[in-house]
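Take a look at these structures.
Below are two complexes that have subunit A in common, paired first with subunit B and then with subunit C.
Moving on, here comes the complex of A and B:
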């Protein structure tokens, strides 16, 4: 059931209607049933996958909680009789048990994700090697990838790691844990919420709050505007350019790159607006996933502002644990002795960064395109980190850092750099992606933009007008957001202006939205991850 | 404390670590800095700061970080 389908709108109306009419204590139970019904529509077998993940996470969570209780009780009962060394040894034994359970849970849940998502990718690579040695190829397996599996698996992994670390108590009610994992607005494309951020607001009783409801509805409308008016309109040109690299090279690669940046932004942030908006209509607070990323002045800043919950997930559960684990600290120590302070202290950071970005790429999809994309992101971040002293010297010599012109240059540079890396999202393989990137420099002919070719990409003049106006509105909203919430600002205006803005937004979706006859209902890009 | 201030000062000489109380919130220390600090602390104090102790509360100021190091040393 796509967010953009009529079925979903009907489903949502029923859920919200029931949510505020049934007794408050049943609200979270209703959301749990609704989430499973929502997921059922994407395939009944998906329910089995998610249920197995929920049950395994629940059981291990309870086990970890019991071990913790056992430790506290034992230490209390033997407070007087145990020596500090014995206490330490006992704690260590329990710690080892906890880590074993954690590892079991992670391997099990990650194993499900790995099998359904990466088996055919592995087979394709094995077959490539087999053909080199003229061996028989393996057959591909027919596995359905459950929608949103990468998102909910990461949610459960974050939960169980935090429980093991003692950050919070495990959830005792399996239904409540199931709701955290499957909460329907964020089930298929995030944000990847943390249990301690979401659970309180998810389980508590909510009374109807007109302002909160209106703000949530407005945000949902804004999300639909971005998705249906902009993303689903411009996608035609993106596909035309990227699926026909033999026809569209040179300047068209640049055009495709920029169009794809617009599509991806409108699609993903639009989807998240719908998610957060629906949650707000239900009185639930979901973590923000974007902070005007296209205004970033560096790639590091961009990744702090784009898909924030994924970035912080990788930072907290992979980058930090890997960088500060004992073997890595030992590597750091020995490499300092061997290669000197400057190089030695960089090695843990380099190894962890490359591992994180390799994993980030792999998380996005089972293809070399995504792996190379991830690794290139890591390399660019490390190179810019190395250039930091050079930048500092430049800023010392030329006092331009705070000028509008230089900031604008940095924003455009970051936008183009990130858009260049995203070429790997679009083309069929890594080779074509690099060839197309190269053609921007070797076959650049700006005149091609003015010979009517832009109107042969599946967009006519009216489409361009709608997209340009849509993009101007998106940029304007982002600029206004710098000084606070746009909805709060609109709420402060006279009633006639308030209603005019939202009626206009509503009708612009109805009139200019790319749906109905002649348009395929497009999945959100991040649904496939 | 002297040693810790020395470690921090090597990373960001422009910052007065004795008075600054929002090193994470003000984005002065990034994740690369934190990893470097942990490696240095491990080297000079012989204390391993585990990943779950990397929180804004523990890294927002030199004094909070020093308290964390002391606590971990006591636990050892």
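Moving on, here comes the complex of A and C:
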């Protein structure tokens, strides 16, 4: 059930209608049922996968909680009789047990993700090696990737790691944990919420709040506007360019890069707006996932503002633990000895960064283009970090850092840099991506932009008008957002203006949205991850 | 404060519905200058006097081949053709069900050619058959029965959701006919006076299976039941079109069905001489459909049978009806005259030769 389908809108109306009419204590139960019904529409077998993940996470969570209790009780009972060394030894034993359970849970859940998502990728690579040695190839397996598995698996991993770390108590009610994992608005494309961020508002009773509801509804509409009016309209040109690399090289690669950046932004942020808006209509607060990323002045800043929950997840659960783990500390020690303080201290950071970006790439998709994309992001971030002193000197000398022109230059540079890296996502093939990127410099012919070719990409003049106006509105909203919530600002206007904005937005989606017969129904890009 | 909020919210809802309705009216195809057959279904609901002796249901085999005006002029029979382009049997059933909400005719004439299709064919034809109906349970059932996999039921409830993308192809026609449409047909008859003599058709290809689909029989049974329940005589009719080929095997099935259900079946292809049809002058597209001359001849032939068989009264002396029908007759002959004039001037009818008219720059 896609967010853009009529079925989903009907489903949502029913859920919201029931949500505010049933007794408040049943609200979270209704959401749980609704989430499973929603997920059932993506295939009943998917329910098995998610249920297994929920049950395993729940059981290990309870076990970790019991171990914690057991430790506390034991230490309390033997407070007087145990020496500090014995206490330490006991704690260490429990800790080992806890880590074993955690590891079991992580391997199990990650194993499910790995099997369904990466088996064929692994087979393809093994086959490549086999062909080199003229060996018989392995057959691919027919596994359907459950929708949103990467998102919910990461949610459960974050939860169980935090429980193991003692950040919070494990959830005792399996139904409540199941709702946290499967909450339908964010099930298939995030944000990857943390249990302590989401659980409270997810389980508490909610009274109908007209303002909150209206704000949520407005955000949902804004999401649909971005998705249907902009992303699903421009996608025709993106596909035309990227599916025909032999025809569209040179300047068209740049055009495709920019179009894809617009599509991806409108698609993903649109989807997240719908998610957060629906949650808000239900009185639930979901973590923000974007903070005007295209206004970033560096790639590091971009990654702090784009897909925030994924970035912080990798930071908290991979980068930090990896940076301080024993083997890494050993590497740090020996590299300092071997290469000196200056270089030696960088090596663990490099290794952690590259590992994080490798896994980020792998998380996005089981193919080399995503892995290379991830690694390139890591390399660019490390290189820019290395250039920091040079930038500092430049700013010291020229004092342009605070000028509008230089900031604009930085924003455009970051946009183009990120768009260049995304070529790997567009063409989905490493070789083709590099070749097409190269063609931007070797076959550049700007005249091609003015000979009518842009109108042969599946977009006519009216499509361009809609896209340009849509993008201008999107940029304007982002600019206004810098000084506070746009919805709050609109809410402060006279009722006639408020309603006019709402009606205009609503009918812009209805009339200018690229949906229905004649348009390919596009699922959200991040649904596939 | 609360009262004020409620009032403003109600105003907002009303504004949304009004604007939606206006946009829907604007963006829906008008079928006034192009593909005019799309306007046939909705015209019925503008009729002031919905009381007819005979209702025709079917596809182009009825709306191109029979003239209610001739039936009135010759026999005093009041009739209306509820047909549209490629109207499939389930369309016909629901259109009849909808018609019976307004009137109870004595006779229903159903064109059996649509028995050859047991699956929805094209979305465009669905839209032409269904969009013209006012919103009702019948319309929803009709849409559900007709939809192709890519269609959505809600677009038949709110056609704006289907036609929203026409915003960039709006023409003068859309604004001109935004709220009021011209009458295209004459009690459902789509007039054409041009002539294109029949030539040879490709030899009919052999079919793997000649049996009509089960779903067609189901709907035919439903039509029979609907008529019986409403005390209406049902006539099965095959119009005298030369193409698509009417196979003997098909004919035998209808003969058999009519016999079993005690229905009158008229295959007009068996009576071409009696009707007096001349396919060198009575067809506008080489035998697929009849022109005005052919339609009038068919109407004379069929009217006689209907009158005799079902004892239909001659209502030409009814003062009330006389006035109503005189208006229709005037419009009929006016259009006839205009079409002949157009033929004389351009050599073809503009509305029905869009490509040619566009090339000749003769379309408004």
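By our rule, the second predicted complex is superposed on the first by the 528 of 529 C-alpha atoms of A that agree within 3 Å, B and C clash if a C-alpha of one lies under 4 Å from a C-alpha of the other, contacts with A are read in each partner's own complex, and residues count from 1 in each chain.
We take it that contacts are C-beta pairs under 8 Å (C-beta built on N, C-alpha and C of every residue); 3 or more make two chains touch, one makes a residue touch a chain.
For clarity, every value in this text was computed on a predicted model and none was experimentally measured.
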item: Combined model on subunit A: subunit C and subunit B, fit or clash; value: fit
item: Which superposed partner A:506 touches (first subunit B, second subunit C, both, neither); value: second
item: Which superposed partner A:495 touches (first subunit B, second subunit C, both, neither); value: second
item: Touching partner for A:76 - first (subunit B), second (subunit C), both, neither; value: neither
item: Touching partner for A:6 - first (subunit B), second (subunit C), both, neither; value: second
item: First (subunit B), second (subunit C), both or neither touched by A:462; value: second
item: Contacts of A:352 with subunit B and subunit C, given as first, second, both or neither; value: first
item: Which superposed partner A:165 touches (first subunit B, second subunit C, both, neither); value: first
item: Angle at subunit A between subunit B and subunit C, C-alpha centres, nearest 10 degrees; value: 160
item: Subunit B and subunit C, minimum CA distance [Å, superposed model]; value: 41
item: Doubly contacted residues of subunit A, that is, touched by subunit B and again by subunit C; value: none
item: Residues of subunit A that touch subunit B when the two form their complex; value: 165-167, 300, 315-316, 319-321, 323-326, 329, 332-333, 336, 345, 348-349, 352, 385
item: Touch list for subunit A against partner subunit C, complex; value: 6, 210, 460, 462, 495, 499, 502-503, 506-507, 510-514, 516-519
item: Subunit B residues touching subunit A - in the complex, by the definition given at the top; value: 30-32, 34-36, 38-40, 42-43, 48-52, 54
item: Complex interface listing, subunit C residues touching subunit A; value: 5, 8, 11-12, 15-16, 19-20, 23, 27, 123, 150-152, 154-155, 160-162, 164-165, 167-168
